Amino acid sequence: MTSLQLTSPSWMIIPVILPLIAGLLSFLLNRGIFAIALTAALANLLAVSILTCQLLSYGPMRCHMGGWQPPLGITLRTDGPALLMLLMTAVTGLAITLYARGYFSYRILDPKRASQHQHQQRYFWPLWLLLLAGLNGLFLSSDIFNLYVTLELIAIAAASLAALSGKPASQLASFRYLLVNLLGSITFLLGVVFLYKSCRVLDLDLLHNVPMNKPGISAALALMSVGLLLKTALVPLHFWLPPAHANALAPVSIILSALVVKGSFYLLFRLWFEVFAQLITTPALNVMGTLGAVAILWGAIQAMRQHRLKLMIAYSTVSQLGYLFIAFPLARIDGSTQVWSIVIFMAMAHACAKSAMFMVAGTVFLHLGHDRINDLTGIRANLPITVLAYGIAGVSLMGLPPSGGFIAKWLLLSSALASSQWWWALVVIIGSLLAMTYVFRVMSRFFVIPEGYSSAKSTPPSPLLEWPALVLAMISLFLGLAASWPLYILSTGNPALAQVFSGGLP
Amino acid sequence: MKTEEKILRQAQNRNKRLDAFQRLLLFLIICLITALGTIIWIIPDDTPGLADAVVSMQEHSGVESSVTAVLLNFRGYDTLLEVMVLLLAVIGAWSLAKAPFPRQVTNTSPVQMGVVRLLVPLMFLVAAYLVWQGSHLAGGAFQGGAILGAAGVLLLVTDLPCLRAIPAQLLRIGLVLGPLLFVGVALFCLFFTGNLLGYPEETAGWLILLIEIACAISIGLTLSSLFAGGHPEYERPQSNNPTESSGNGEKP
Amino acid sequence: MNWGQWLLVSILLSSFIPGIIIFGVPEEKHRLRTGLNLCGSILKIVLILAMDTGIYFGHNFEIRLPLIPGVELLLNGDPLSALFATLSSVLWLLTTIYAVGYLEGSPNRSHFFGYFSLCVTVTIGIALAGNLITFLLFYEMLTLTTYPLIIHRGTEKSLHAGRNYLIYAFSGGAVFLFAVVALQTIIGPTDFATTGFPSSFIDTHATVLAVIFVLLIIGVGVKAALVPLHGWLPQAMVAPAPVSALLHAVAVVKAGAFGIIRIVLDVYGAQNLLLLGVLPLLGGIASITILYGSIRALQQDDLKRRLAFSTISQVSYIALGISLVDQPLAVIGGLVHLVHQGLMKITLFFCAGNLAETLGIHRISEMDGVARRMPFTMAAFSIGALGMIGIPPTVGFVSKWYLGLGGLAAGNWWVVLILAVSSLLNACYFLPILTRSWFGKQQGPWPEELYVGRFETRLMLLTPPLVTAFIVIAAGAVANAQISPLAWVRFIVRKYGL
Amino acid sequence: MTPTAIQTILHALTLSLVTGTPLLLAALCCTPLQKAAARFLPCAAMPAFLAIFTTPINVVVEVPWFFMGSRMGLDETGRIFLCLTSFIWFLASFSSHNLLRKDKGKTHYLVFFLTAMAGNFGLILARDMLGYYLFFAVMSFAAYGLVIHKRTADAAKAGRIYLTLVMIGEVALFTALIILAHNSGSLALEDIAGVSHHPLTLILLFIGFGVKIGALPFHGWMVPAYQSAPIPAATVLAGAMVNAGILGWLRFLPLGQTSSSQGALLFVVAGALAALYGVIIGLSRKKAGAILGCSSISQMGLMTVIFGLGLLDYNAGISAAPILILYAVHHSLAKSTLFFGYELIERQSKPLSHLQMAAILLPALALAGLPFTSGAIAKTAFKELAVNLGEPWYGLSVFFLPITAMGTTMLMLHFISILRHSKSTGTSKNAEHSVIFPISLIATLTIIWLWPAARHSASHSLAATTLLQALWPVIGGCLLFLSWQRISFNKKVPVGVQEKQTGFEALLITATKLMQEKKWQKPQSGRLHSYRHRLIPHLRRTEKIMGRWKVVGLSYLALCLYLLFLLL
Amino acid sequence: MITTLLYSMTGLLLFAMGFFTLIVHSHPLRKILAVNVMSTGVFLILVATAYKPLGMGQIDPVPHAMVLTGIVVSVSVTALALLLACRVQETSNLDLPGRKKQGRIPEESGQ
């Protein structure tokens, strides 16, 4: 039973295996599905916390599947960035689980379409749990082919979830989403093939040490990057995202927007800045940065012109993803320390804020039956907490202090200026102004309560619908105040980062 | 009238020739292919690969076929997730629609029926053989499962009730059986060797066989279910009768 | 944490906690809400006075909360922050009383007062901010908390005004953020210090630092309504009167002006700025703003709009004074005008609100003879207006006097000229109001007489302007005494060693 | 506590009371105690008398906490002015008391009257610049309330002009004070002495105080204000408050310590023009108050000339200062007597009696410099000053003074003839009131003769040549007046002059109209709006195009190739 | 060597053809098939990497396993995609085998 000691690296399979089992059970069983899902989400959080403790005490860990060392076997590993992403997923996942429960319970109350809604709920849970397993697998895996499999797992689960609402629009969007994911995966796989052809290894750590002078590796990186860019919906390739995210059920939108795109991005980022860091050239970084800048502006401008809340939030995702990419050209100042913290912070803050926003959109939709921005007035009287959550999440999206988004933006700006690339800083600033515009377009509607509006006419909101949103929004807000903790985790086991934070926790 | 003709002519032209965009696309694709082809050309073929590593570890894997060893032992984790992908496809499919097939298929010809009646048991046999063979030659759970799936498809397109008679719950158990057993074995190994999927060397062969059998069954069912194209009709929740839903409605 | 740090925290919490509670108070529980509000305000004043005393006797108040390396939140009580905090908290109490009276019976009061309290929390935060990042934090939060107040009425017009306010304020904030980051990249942590950053940076980065200074000023200049950036302020007058008072006198515009002071005195420091030679720019912009605001004010018939343009003009006195940073007299004038302008303008807005709320008067052309109907209100208004013109012994004169002396001391004749012209223009747009209301004949019935009672209007509406008007005169009449805004400002200037 | 300390406190108390009492009463008038307060109206000036008799010269009481550090004291000049001013205010308050019996705007009147009084006293006592400025402003603005007291259209117009000019004066004064304070480095009036004056300061001071005394370009308020203010208010305006301007010059440009030839020229020219201009426009007026106003413009012009002469050099300054004070005293007394007389006639129901006419003629001709009157003394002194100054200024005494004297004579006769022809509207005859005019008259006739400081000039004025010189302009004036009246008795006087006087107001109105809001903001935002609306379809279309598979495919391929190229 | 290259080039060609079809053709079924062709091409290249001429050493089993996994994944995704296409056809009343409408594919209308 040595395997269950705290020092054992086997703990890191829990976040993968547990949701997997829970997914299987929730598919198998007819009752108590929510209990299973909740247990899985909680246990997942617990396991990730244990992993965090492990990381802080013993540094990065590796777990060889079946005891086979690389290059033969598959390795899982924990390090700072992976753990932060896991934490983000676990926390958001728990909130999503709770919110989904509230969401479906509320919808089932509607007598007309109860059976359809029950059907949706029935399949939501296994899909979501398997998706969670896939995400955790993605963050932990250190094997490039295994990463491909997890990507596919995520893609299928996500596409099925996106189609869950049963509306034609959502199915169309989901179909396209699936095709795009397939295209991305195949390109990624082609990259893997090139990689294997050139190096004959699949393990990322081994790849890191392979001499990078072969053209095959470059081709592999290019192909994998483009595949992942497509999955991450960077701007010229973003066409699938808004319809898919906006037409899905609210809990699904949250999952897609907050977590799924982060998975592929995380992988891309890891490839660029860890595995193939030697290969990266400045022009390539600049291309990424430019695309990111275009994404920030284009996404925000599109978000500004939307008339539906969910579409607006979806375009806001397009815009926010740009911030992750604009960090690329700033990597070369002092190793890649800044860029890791920027990206991880941005991802975490965005995940929390965007989930909160989609939760709000979902709740509002449930209560009003629509999400037309111009007709949202008065909802504050019914859903004060929801509106508050929207406001706070909006603050984080805009990158106002002290939110996590601010810290990320601060880091972005300071790196940009420190490396005399002020134009990136300019884009960031303009982007946050545009974000202000679209966030407040909705906010101004929320604030107004028309004359004679009675708050009594609709059903009282369920706490499961309101509170997860608020809590997530608060987390995204206070991420900035507690910024030293994520950074500390990030620096653990990363020698370059550790130097910066040698003072330890303040 | 003229404009219509024009449009028609344009449409015809479009069908015949590639337009500018398509030519550009083609050009870019050719560029890419050329570049990638050149790269493949110049990649030296001298890298040793993992073959030697596999061979050297083969004896510890419990199976003789190197592909199966890689598939279920060295890279068993991949396979575990892959099985999940299959199951996910079913879940996704079931979430989308109900299957058209449980309805009676009417005009099946007797010849068809006869062929199917003959073929299906044979296919089961072949599948079982393939699974068994997997330990030392090419073959295994996926191949076996594929044959089983084909048998299932045959059963579905004819009027034979065998597959359709399976109750929904049982079908689910069947679908989940392989993945669940896989995970179960993986966890079992975790408890005994401290490694997920780290089979004890002496029982490795048997465990792999067990997994393969279960997976083959599940894969067969999965493929048939995917062919069926949705969740079984009788599986639909029964709550849509008016009395119950109105009872729900009164709750708030 | 020592007691000083607890004091700082409790100063912030004394309005934050009531604010949060008020959000949850049911609409009809009027007394509970008012009680919470008043308790919070009074407690805050007491705490801030305690802090002032501490500061006077040299106690050091400081809390640091590091976020990431190079970024930390720093609350710091120094004489300058004490000045602004005291002003805000005192005016806050009065505004609260006024707002309670003003909003009597109107909907969404919990919402309103909740944001009201948050707003003062943030303003005090601005006052106490010890570095540019903390300042930025509260500066942005100020925009957020005032926005719901501006659009409180929910009309299309107020939404429009709110939107413009946001666009202006956040654009300013964004420029500010950019500049702060740039500055921090060059000089490291931007803690406020009486001498500014080491002047060795000037040798190496002169141009960049000058550009950053301009950007910083643009950033805070939006809230301070410096001229090309002033567009939001006149529009924001659609908000209820207490909110206007808040915008013009207590929080927003003041925060901008305070920001200018901080940047000039504490971030850059007098010596550095003289070396950089960018101050004439600030002075020039301030002068243009003074004149422009006055001229535009002349053209307005809407009372609150006229007052708004007057604010634009008056707040730039502060910038003007600060731009002559090497002249202690000018700095005194600028700093003390921070307080004085607040006192006068809040009086004026209170009175404008009273007119609107009692008689439905919004336009100056409707004000003929109104002083007979509302003598006390108009008396207060007159005092405020005379103060704005700079008639002794009101506080307005004191500021102008020091500004003029400072300007001469710096050898800048134009400062005096600006002051003279501005005074004339002020007279041009204020005196007609006074003569109309006092000596004009009432033209027909009042537009909308909403209140008829024992006093000319509700007591809660009447008291605050009278109190502030009294302070306007009293603070001017005893300007040279031991305890007066001027004395405190002199104390500050001594601290800076000017 | 040492006796000196107690004394200091007592002095401080007395001096504070001088301004404090009127202010206190003014405050009381706002309260329900108004009636009682009104009864004590004449007492408001009492502490001033107290101060005159008890406070020694050159005691300076410092009140550091007040305003910007205030200093009070009574010097020789101050005492004279306080004496004069408090006497006129005292009489005027009696007169007001009478006026107020049945006035509706009593409260307003009382408050403004008392506040103006406080300001007037305060500025005399002030020993620092800002104190002077403070009380000067208080007085000026309070006087506005007096000017428009009647609430007629004329009064409102007069008030507007007054206020505009006062504002200009205030600003000029403020600017001048800043410059002075900057140059002297102190606020104390004593420290001004050593400061060399910039021409700008002189101009600013000329404007600042010139407004108050109606110096030439700033005279516009005087005529309408005197005409429309209630007579007691006009009395204090003409008798007491104008002196604040003279005192201001004396304080801020101390004669004998300041000299500036350009400044002197400015003052002399402006004063001389005013002296003539006042007479000319006065003759065209039909209202007694207006004529008195014009006469004030003219007389103040003479004083401006005296002050200008004093600025020529230090010696001239030393000799001009007492003459200026003398002239101010003379003019104040005579002018207020005239006003009181005017009021008496306004009030009474029967027409002007011969006795009354003679009584009024006395101060009127005193203004013109009739021998044996105070006017003769003042003019003689003036003439001597001009003679002593030598060549270019000598001409003044030869031509200018007689001409103005003739003018003044004509003006005064015009005034009396107007009085005679005016229909009296008053009804009551009042005991108190009938006392005021005689007291004032006696004071006018005697005070200068009894005044020790003026004795020298008085004795000079009695010389035979001087008498003759003083007499002929008066006689000449009488003759001229008679002939002028014959010519144009029934002719209607064009009112064009009056139009011209509102020039400032017209300027103001034009300026305001020019700046009328053009609503330029609206179309701009509208333009922006439509621009946005035009942009939105483009955005939508672009986004749609970007969503097509072929565009995505192309960009996908391009990105692939480009990255490949960059990474290779 | 030549064998590997031949297979690889064929694989690349398949990939290219699939990609072209995926982009140019709007019919959902064609798209799905195109993706399938693409993945087949990739598998072909992958399998080719394992090739060793007889006697040149052991054949690498890892690509085999990978291809197997890839095929299974591809099957699942294809199945799901087909189902989705059917659902889209059912629910949106769009003429799936229909003509091209100004270069738009049916799912474009969902936006």
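Think of it as A, B, C, D and E in the order they're written, each chain with its own count starting at 1.
Basically, a contact is a pair of C-beta atoms (placed from the backbone, for glycine too) under 8 Å apart; a residue touches a chain by one contact, two chains touch by 3 or more.
Everything numeric here is computed off the predicted structure, so don't read it as measured data.
Using the contact threshold fixed earlier, the set of chains in contact with both subunit B and subunit E is A, D. Between the contact lists of subunit A and subunit C, the overlap consists of D.
Distance from each chain's C-alpha mean to the overall C-alpha mean is smallest for C.
Distances between chain centres, each the mean of the C-alpha atoms, put B farthest from subunit C. Placing every chain at the mean of its C-alpha atoms, the farthest one from subunit D is found to be B. Summarising the inter-chain contacts, the pair of chains with the most C-beta pairs in contact is A-B. Subunit B and subunit D, compared by their mean Cα positions, are separated by 105 Å.
Chain centres here are Cα means. That of subunit A falls 28 Å from that of subunit B. Here the spacing of subunit C and subunit E, counted between their Cα centres, is 67 Å.
Separating the centre of subunit A from that of subunit D, both taken as means of CA atoms, is a distance of 78 Å. In subunit C, there is no position where the chain touches two or more neighbouring chains simultaneously.
For subunit B, the set of residues that touch two or more other chains comprises 25, 29, 32, 35-36, 40, 49-50, 54, 75, 78, 82, 85, 88-89, 92, 96. For subunit D, the set of residues touching two or more other chains reads 547-548, 550, 552-554, 557, 560, 564. You'll find the chains touch as A-B, A-C, A-D, A-E, B-D, B-E, C-D, D-E. If you check the complex, the residues on subunit D that touch subunit C are 64-70, 108, 130, 133-134, 137-138, 141, 148, 151, 156, 159-160, 163, 167-168, 170-172, 174-175, 178-179, 181-182, 508, 512, 515-517, 521. Every residue of subunit D that touches subunit E in the complex is listed here, in rising order: 544, 547-550, 552-554, 557.
For subunit E in complex with subunit B, the touching residues are 1, 4-5, 8-9, 12-13, 15-16, 19-20, 23-24, 45, 50, 52, 57-62, 64-65, 68-69, 71-73, 75-77, 79-80, 83-84, 86-87, 90. Residues 22, 25-26, 29-30, 32-33, 36-37, 40-41, 45, 49-52, 54-55, 66-67, 69-71, 75, 78-79, 82, 85-86, 88-89, 92-93, 96-97, 142, 223, 226-227, 229-230 of subunit B are the ones touching subunit E in the complex.
Those residues of subunit D lying in contact with subunit A across their complex are 536, 539-540, 543, 546-548, 551-552, 555-556, 559-560, 562-564, 566-568.
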